[in-house]
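Chain naming follows the written order as A, B, C, D and E, and within any one chain the residues start at number 1.
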Amino acid sequence: MLQAGGSLLVLALMLPVIGILLIMSLDARHTGKIALALMPAGLAVALAIAARVWTTQAGLEYFIGGWAPPLGVALRADGISAVMLVTTSVVIGAAGLFARAEFRQPDNQPEARAPLMFWLLLLGIWAGLNAVFLGGDLFNLYVALEMLTFAAVPLVCLSGKAETLAAALRYLLFALLGSALYLLGAVLLFGAYGTLDIALLAARIAAQANMASPVWPLALWVALALMTVGLLAKTALFPLHLWLPPAHSGAPAAASAVLSALVVKASFFLIVRLWFGMLPGLTPWLGAQLLAALGAAAILFGSVLALRQARLKLLVAYSTVAQIGYLFFVFPLAANPAASTASAALAWTGGWMQLVSHALAKAAMFMAAGLIAETLGHDRIAGLGGVARVVPITVIAFALAGASLMGLPPSGGFVAKLLLLSAAVSQGLWFWAVVMLLGGLLAGGYLFRVLSPALGPLPAGWTPAARIPRDRQAVALVLALGAVLLGFAPLKSYDLLQFGRPAIAGAVTR
Amino acid sequence: MSLLRDLFTVLMVSAGGFCFLAGTAGLLRFPDALTRLHALTKADNLGLGLIVLGLIAQAPGPLGALKLVAVWLLAQLAGATATQVLARAVRAEGRDSP
Amino acid sequence: MSAALILDACLVLLVLAVAVWTIAARETFPAIAGFVSYGLLLAIVWVRLSSVDVALTEAAIGGGATGVLLLGAAARLTDRAGRRPAGIGLRIMAGALCLAITAALAFVILTLPDPAPTLAPQAVAGLPATGVGNPITAVLVAYRGIDTLLEKIVLLLAVIGVWCLTPDDSWGALPAPWGTARQDDAIVLLARLLAPVGVVVGVYIVWVGADDPGGAFQGGTILAAMWLLVMMAGLIAPLPATSRRLRRVLVAGPALFLAVAFAGFAMSGDFLSYPPAYAKWLIKLIEAALTLSIAAMVGVLVIGPAVRKR
Amino acid sequence: MTAEQLYGLCGAGLVGLGLFGLITAELPLRRIVAFNLLGGGAFVVFGVIARRGAAAGLGGDPVPQALIITGVVVGFAATALAVTLVRRLHEETGTTKFDQDELPPETVKLSDATLSGGNP
Amino acid sequence: MGEFLTGSACFVLAMVALGLVRILRGPADADRIMAPQLLGTGGIAVLLLLAAATGAPAVVDVALSLALLAAFASVAFVLAKGSPAPGKADEP
């Protein structure tokens, strides 16, 4: 137990909460300043946690109040938590910088609604994300998931337009169904094993599996199925993706960036925690293949629908539906009983690389799409002609982010897909490799649909609907560059993802 | 003494139960909303009162008994108000029950 | 068969019947009237399951807040019934799925390990360190205080979300959840008589919560109900979302809880730990502040945002 | 059959009913009610598990009982947010149906105010 | 004594159930809103009987809460009915 690092974990969890409480009790003029001041602090804490995990090469653990599980609640940070915490603070910080001018309280006027709400909800999302990445207790994670839902849904309909209200309502109903199923599963696990702590559950489940006369743990599989389906609804994996495109395309650009880059990943993160963390070596092989099949369907279906969209933000949203699919190849590839440890580790790293590079690229892309729409006054793809001449930096950001999504070298997306691809090929699961290649081609197709007119000539007599300041474009560009430069990260740094990871390959129940 | 107390409780609770029976019979038989409302609140509140009376005999102390009375009084108040406002609402709805 | 088991069977059947009604009723309003009854029945279920704390919560929420919320919405919305019910194919598929899930759940519940794993002895063993006598309060404020703290943030985010649904031109306007109907004498009388009693009961339930069933949430919800009642009677006006006073009451509880939690680092070495000498009083202080905040949060959630100006 | 098993079956039935309503109901308000039934069922199952854990002189395991209270609170907050959303949608459109293809086509068009986050 | 009180609780519950069937069938909304009212009074009776039967005084507090909130549903209903929401009616 490393109680020493505990204050860092608590701080990561509580910084955004402090921000919410401060904003609620102080004058609205300070709203943006408070939120923006917390963001570098949050990044510093996340980096400190990552550094600690890196130097100790193990996970951090903190028992809140000194009460050890099963009675108390543990916070835990392993390699993937650290990576997610850092990614989260980067993307949230970028979204804050991007939205700074847009959501500024008007001077010498009564408080305005949208600016106040935006910052509160952004901090709420941040708090929820950190709670998900650090949570070691299934019920605590349920509360964290609800925090995320309650902050994300109002962001979707921040503008108050009827279509965004409808999208938010649909999102809320999906999310609530997801939480209810998750909670039900957690309840059954408590009934069967007497704890909600993931590490203790893993130990008790493993002990049960090792008994001479193994009991058929029906409770475990029913609970796992319920929780997984619930979390899939929140992750928007095909065919539970229906809520995502209207919700993500209707939100303000900064919010869409956060929702698409991070919020859907939080529930994916929890599925991984359950399947790999709670069931080390027991991952059900058939279920893993099923998840990958749904992922493959998501890639094909999402990409084809993205190709057919008439509006830029919807295209980007459907691209999220497709890119989420890649993440689910981690399940069969990293838990393949026939795979070598090296190959499984390759798939594991590839999956997380895909997650991080997609987070950066998609945040950049939503910001760029938002800026393009602001310049043009609309976001119809048919009317994108010549937009590169007006906002070149934005279009470059969009193109770079697109390169990472397609998997063009040397981007982070390329490395991610290469790792997954080589794992699939080396394990003889070539059909998943085919889908990945096909997905790359389709992504190229839908991005070409945007970039080709954007780089063309401007229509005669065109005037911009709004002037876009350089610094907002720069934020999108930096994120897109980040997604590309991830491909240059030294191989050694990938080890971070492996720290604190339970052994997963080689012992899978069939 | 204890036997007498128990007998009192049994009598009162039974009487209260009978009132609930009467109230339900009224609900089932009466033709329109206003009369059903009448059956519901009058009979059930009386029933509750009798049950409370019967249980006071079993109460652990004067404070417990006081709490029981308080519950009954609050239920009375709620019943009276609800009946009043609902009856008006029924009238406003135009006596649409035959 | 004992009387208790017959009672349990009756109760279960009634709950299930009301639930079926709630799902199957064609129109919305009867379904919601059924649902409010379901909430009240659940309070009895909790008593039968020896969870008086939960029963108090259910009574306050199901009988008060949720009912007001849903009935208010159902009475206003103009689309009362679906135009076209879901297709028969969908219904059959959904029915089969739900039946399968129910069957699986039932099987799991019937085959849960015996003796059941329990944390009750550990929870009781930890009580002296917290200074409270009600183990549920100890779980909520000490052992798993982080859940309670984050749950308050969830409530706060829900308040923010509800406020976020104010139309821009009405930001700062007074919410008018019950329209501008003239005062009703009966409701005014009820408010005048009931509100003082209710406040006493609410405070009582928080006070006994340290050692007996009760606590901040149950008491806070009752206080919220009394606040709502005097607003319903038109005796006081709702507060606007821009009210600084209201916002400070909303954050007071969570902020104090958080402050004490951080102070735990200094006082007894851990976040959210209490020095044993002061534990009982710190917990009572937190509960008192939380009660106020919860009352405000529940009240605001039921009142809802200001509506569009016309 | 013991009382715990009886209530356990009740919880399982409530979960199934709630889920059915959540999938098949057309009006969002009905789905919200169905979600509450589903949540109530999950809590009853949890309550049964708590009751089974009666020990140390307590009528039930206090940990799940406390968690149910937290869950009920969160469920209430969810209901409040959802109901408010439905009412606002009704106020804006005169209906609470939220299928995109049922909205009149002009409302689907993204307007400028949406793009700038409703900050006129 | 406990058996008798539990049995009485069961009887009251059955009466409430019968009444509930009648009330929920309507036909007017004002009929249906009597359901929480009925369950309020009946539920309080059941809880008080159970409190006495099992010797759990805290259960009386639950009944107390129910009694406090018993009129809420009716009042909320009447107030909401009194001010129909703006917004055009749904097409038939």
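Throughout what follows, a residue touches a chain if its C-beta (ideal position, glycine included) is under 8 Å from a C-beta of that chain, and two chains touch if they have at least 3 such contacts.
Values in this document were obtained by computation on a predicted structure and should not be read as measured data.
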Chains adjacent to chain A and to chain C under the stated definition are D
Per-chain C-alpha mean nearest global C-alpha mean belongs to chain D
If chain centres are mean C-alpha positions, then the most distant from chain D is chain B
The chain whose C-alpha centroid lies farthest from that of chain E is chain A
Per the C-alpha means, the centres of chain B and chain D lie apart by a whole-Å value of 33
Dist(centroid_CA(chain A), centroid_CA(chain E)) in Å evaluates to 45
Chain-centre distance (mean CA atoms) for chain B and chain C, in whole Å, is 27
Chain centres from averaged Cα atoms put chain B and chain E apart, in whole Å, by 12
Where chain B touches two or more other chains simultaneously, the residues are 70, 74, 77-78, 81, 85, 88
Two or more other chains are touched by the chain A residues 70-71, 112, 114, 139, 143, 146, 150, 153-154, 157-158, 160, 165, 184, 188, 191, 194
By the touch definition above, chain C meets two or more other chains at residues 4, 48, 73-74, 76-79, 101, 105, 109, 112, 116-119, 123, 143-144, 147, 151, 154, 158, 161, 165, 168, 184, 187, 190, 194, 197, 307
In the complex, the residues of chain A that touch chain C are 3, 6-7, 10, 14, 17-18, 20-21, 24-25, 62-67, 70-73, 110-114, 117, 120-121, 124, 127, 131, 139-140, 143-144, 146-147, 150-151, 153-154, 157-158, 160, 165, 184, 188, 191-195, 218-219, 222-223, 226
Interface with chain E, chain C side, in the complex: residues 2-4, 6-7, 10-11, 14, 17-18, 21, 25, 29-30, 33-34, 36-37, 40-41, 43-44, 47-48, 52, 55-56, 59-60, 63-64, 67-68, 71-79, 178-181, 184, 187, 190, 194, 197-198, 201, 205, 208, 212-214, 218, 222, 225, 228-229, 232, 307, 310
Interface with chain C, chain B side, in the complex: residues 70, 74, 77-78, 80-81, 84-85, 88
Within the complex, chain B is touched by chain E residues 1, 4-5, 8, 11-12, 15-16, 18-19, 22-23, 26-31, 33-34, 37-38, 40-42, 44-45, 48-49, 52, 57, 60, 63-64, 67-71, 74-75, 77-78, 81
Chain A residues touching chain D in their complex are 70-71, 99, 102-103, 112, 114-115, 118, 139, 142-143, 146, 149-150, 153-154, 157-170, 172-173, 176-177, 179-180, 183-184, 187-188, 190-191, 194, 246, 249-255, 311, 313, 370, 373-374, 377-379, 465
